[in-house]
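Chains here go by letter, A, B and C, matching the order in which they are written, and residues are numbered from 1 within each.
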Amino acid sequence: MTDLNVSSEPVKYNPDFAKEIYALESGEHVKLCMQCGMCALSCATREEMDYSPRKLFLLMRVGKREEFFKANTMWMCSTCLMCKVRCPRGIPLADVMHDLKSHAIKLGYTERPQATFYQSFWQEILNKGRVFEGGLMARYYLKRGWSEMTKGLFEMRDLGMTMLKHNRMPLKSPKSIKGLKSMKQIIERAQAQMHREEGR
Amino acid sequence: MSKKIGVYICSGCGIGDALDVSALSKVATKEYKAPVCKTDAFLCGKDGVDIIKKDVAEEGVNYVVIAGCSGRVNYDVFDFGPSVVLERVNLRERVVWTQEPDDEDTQAMAEDYMRITLAKLKNLEAPVPFIGEEVSKRIMVVGGGLAGMTSATEAAAAGYEVVLVEKEESLGGWLKKSYKIAPLSPPYTNPEETDLAGRIKKIEDNPNIKVYTLASIEQTAGSPGMFDVTIKQGDAAATERVGAIVLAAGAVPYDPGKLEHLGFGASPNVITQAQLEELAQKGCIARPSDGKAVQKVAFIQCAGSRDQEHLSYCSAACCVESIKQSLYVKEQNPEAAVYVFYKDIRSSGQYEHFYKKAQSEGVIFIKADVTGVSDDGGNITIEADDLLMGSPTMADEIDLVVLANGMVPATAFEDPALGGEAQAEVAAGSDQAAPAPAPIIKSNILNLQYRQGPELPSLKYGFPDSHFICFPYETRRTGIYAAGSVRRPMDMAQAVEDATGAALKAIQCVEMSARGMAVHPRSGDLSYPEFQMNRCTQCKRCTEECPFGAINEDEKSNPLPNPTRCRRCGTCMGACPERIISFKNYSVPMVGNMLKAIEVPEEDEEKPRVLIFACENDAIPALDMAGINRLAYSKWIRIIPVRCLGSLNLIWVNDAMSKGIDGVLLMGCKHGDDYQCHFMKGSELAGIRLSKVSETLDRMGLESDRVYMTEVSIMDYDKIPKIVGDFVDKIEKFGPNPMKGF
Amino acid sequence: MRYSFYPGCSMEGAAVPYLKSFEAVTKALGIGIEEIHDWNCCGATVASGVVGHYPAQVMTARNLALAEQKGLDIIVPCSSCYMNLAITNKKFIEDDHFQLMANEALGVAGLRYNGTLKVRQMIEWIINDIGLDRIKSMVKRPLTGLRVAGYVGCQTPRVFPWTFDDPEQPVFFDKIIEALGATPVKFPLKARCCGSSHSITKPEITIDAGYKLIKSALEDGGQLMVTPCPMCQLNLDAYQGMIKKGYQLDISIPVLFITQLMSIAFDLPPDTWALKYNIVSPFDTLSKYGIKP
């Protein structure tokens, strides 16, 4: 847990940053947070987070933009949906976390391994229309660089061997889907539509 | 009419298996010579009830004793009309469900309860109701704000004539000062118009409502059903006879002059909620310092409320009001930044939707303690400890700060014109130990012609005292019901509900009073205290101790009872040293006979007897519930129910001890600030009286701990075996009462 | 009964035993299953975190549009696939603006979806459409005495909370275990997160979660875990070695797909049990109940 009290100087409230978050796809809902902490209590990965979702929303309200995006909170979310089910204000927290991930990627906050994983996964979709686990792993470790790759491979070596032994990890990549091109066109159009809506 | 007793013993529900019913019958027929005594296996069934009905109709039985289940059940089945006196012997919950079956001590307990009830009949008569003269069913409403107007229209809609008294020149109260009000109807998301004109028209158009404006009450004399209220309008005075009164005098904002620490007075841009309403009414929320339309507004909640230096209570309406006002700001300028600094947002009930609405409009709520408010040429900076951030924070360049400055009830203010200190309800300087007096603040609102003082007794902070849990609208003056923010701090939606509830209570009161019946909590009781005046010593205990101010005094200190003010608790009866106060069906000799009917075994039998006086309101239901849950308790106890421990006359303790009973346990309700006593002061008074018993016991050579008082709430049924057991153990350690056999 | 079927990417990879047993079980039940032709990835829990919900949902909608051409409701065994397909389907049905926009995007590829299909979660579909009586009637080898921890996982009961069960302590999955003759154990963590894709990026999360789950399953005497979720199965099966090592646990618990257990109980040919793919061997446990391939 990171202490919110970063300095003894009074923190000045800046209402502008909150507006940036409210403008995200599910951002409107965040306005309704009443700081009850049910999300923190419900979260399966709460202990891994720099700030619980509640505290992250607090940072947003105060206007601490940099701390907000540097926090690992959204990246630790595993989409188990417990917070979304329990939130007394009906905030779809898992959806908000996804908004924050894509927003963070867009802003260039991509240094976390989870961001690399997400980007690799997406590339794998765009590459074949389906996700081939072997391909995903290769992309992920290539992007993370050599040192992490060897470290990762060392840690995962036994696992990989076992999976191979049980035919759980095909080495050969399946073929791309036939409609790959049209799928990508659909996605591009959807992204264009979204940008248009955001521009309004 | 001569007394003819019929005793009916039910052997159902396991009674017949656990007890020797024929021996029980002999107690009735041989010892007490009951002319009719019958046994049935299913007395509450149609055939069983018919046996009794037949005896009433054909044999002239007019005193019916049913030995079976608790009097708290089947009371509708065993109803033989007002001319038949009904008594119940609780053999089920109190004996067979708590004791060993087929045991001589269980049998002795059952037979004692039979004796106690039959002995009770000796001094018991069917009550004759008190019917006043020229009883009025009109209802007076004091205060013409939202609550008062609501009470008036609701009572009138139910067909009752209403007299509405307002001190200002027009109706409306707080509504007149409001731009809009918090929503009173679904979806509870948008401020509503006050609809002041519509509300006034509804009253003016109603022929059943008579309105006095610019009016005050010079005096309120009389009693429920027969209040004579003198209303002053300028130099003119009119007297109205009414049956009940709704007090809806409202509240006023807490004095902002005392809130300098929040910047009030130092900056023109720090204003109160009321001042913001004025600005909004004028059409533009602008900075008072320079008229600039506001861009950044901060609300400071609990400005004075929940603050030991100011008002220690929550004013209940300010959160909702600030939410409403934050929406005014957003309505004027959706881009304006609005902060609400709060301790806790208390937007209860449907106002959760209103709170969410303000949030969705972008109002930012900050849980913080404000530490400083400073003005720099019109721009205000607020410094605070943000409790969720855990760090000092600040908001600057604020155009307008609104203090949510809470409310104080109209009854909390002493009218300087009347002079003098707040009067204590019970006369000060008395040499007797007395409960802490409830202050009566001379607020010049009702000017009651009551011996105990001119206004309603308050409990705390100047709000009228009432039993907040069980009957909130009741004040400690029967027939006078407080509603709205004079009763406790509340928002407008609650005030509307409150006013409707109080109107209903007032209607119940005029109807009950006209029939000679008691109102809550002994609803429908026809008995009332009667005074044998030739033996009165003018000691004033009854007039001082009545928790409801029912008894006035003449100039020679003779008590002047007002039966319709009475709640029939018997506190006067317990207080009277001469024992001259009795009800037709509840009196000092009656209970004396009951306890004397208990058979006390000889000392060498080693069977102690402990008498329990148990309050009918909480202790008796708790004892019944112990039985329902089959919780076994001591076989040595004998229970006599009392209306309230306040009715406990010390002579009963004397009598019990003289008879050789080994200990007396009193079970009453919690007293103190958060009292549960249904008659407010009863259990407290009993405790004080009891402190004097020890002297008497010492004189008799007995341990003073043989008499003990304990608090039992209705939820304490599971503790009954332990409470009883611990006391019986203590008594057994003392050994037998040496008075046995004398 | 005929249905469309959306297998999802994992059934082509790590969850291959799920596919094999699912196909065998549906065939034995006489249900026609048609894989959606040329389906694409649903986006899992990842796509929306990269490109936003709307483009991810439109991508998912391509599958709905393809399925609608056959007019058959879609059965989805995987939890994440179900989440994405069902939520997208709901948006098509309830949100006119979304439907309009999404169809404009789908139109680029000559596709369109009118929201006429139902997206069915496999477990709920087994209980409500096939029926537990039918399942019971298929059981040729009742798993009497076998204590099974039904790990329904996190998303399946929570996508639409309270529609087919309680989102935190669901019981519907246990009903199938019961129908197969086995005894469901209490397993209070039955709907807790398994650590999801942290298995790659931060394996200690998955290992910690896995330990808690296995401990909970063992506490009430669980001998076997079953799940309907590919990710849960993989994390608990493949990482069990690391979990045991990390927490000095000396007991193993096999983790099967529910359809594998059904295939066993239905006494279908042993190759359809697809147990060779299971990393933690279930054979010792099963042989105690006379179950041998």
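As a convention for this text, a contact is a pair of C-beta atoms (placed from the backbone, for glycine too) under 8 Å apart; a residue touches a chain by one contact, two chains touch by 3 or more.
Here the structure is a predicted model, which means the values were calculated and not measured.
**Q** Building nodes from the protein chains and edges from chain pairs that touch, which of line, ring, star, complete or other describes the result?
**A** Drawn as a graph, the chains make an open path, so a line.
**Q** Which chain pair has the highest count of C-beta pairs that touch?
**A** Ranked by contacting C-beta pairs, first place goes to A-C.
**Q** Based only on mean CA positions, could you tell me how far chain B sits from chain C in angstrom?
**A** Result: the chain centres lie 60 Å from each other.
**Q** Could you tell me the distance, in whole angstrom, between the mean C-alpha positions of chain A and chain C?
**A** 23
**Q** Chain A: which residues touch two or more other chains?
**A** Within chain A, no residue touches at least two other chains.
**Q** Once bound in the complex, which stretches of chain C touch chain A?
**A** Listed in rising order, the residues are 9-10, 12-14, 16, 38-41, 43-55, 58-59, 62, 80, 101-102, 104-106, 108-111, 154-155, 158-159, 161, 167-168, 192-193, 195-198, 200-203, 205, 209, 234, 238-239, 241-242, 276-279.
**Q** Report the residues of chain B in contact with chain A in the complex, numbered from low to high.
**A** 337, 339, 345, 355-356, 359-360, 362, 364-367, 383, 386, 388-396
**Q** Where on chain A does chain C make contact in their complex?
**A** 25-26, 44-45, 48, 74, 76, 78-82, 84-85, 95, 97-99, 101-102, 105, 113-114, 116-119, 121-122, 125, 129-134, 137, 140, 155-156, 158-159, 162-163, 166-170, 174, 177-180, 182-183, 185-191, 193-194
**Q** Quick one: which bits of chain A touch chain B in the complex? Just the residue numbers, please.
**A** 3-13, 15, 18-19, 22, 28, 31-35, 55, 58, 61-62, 89
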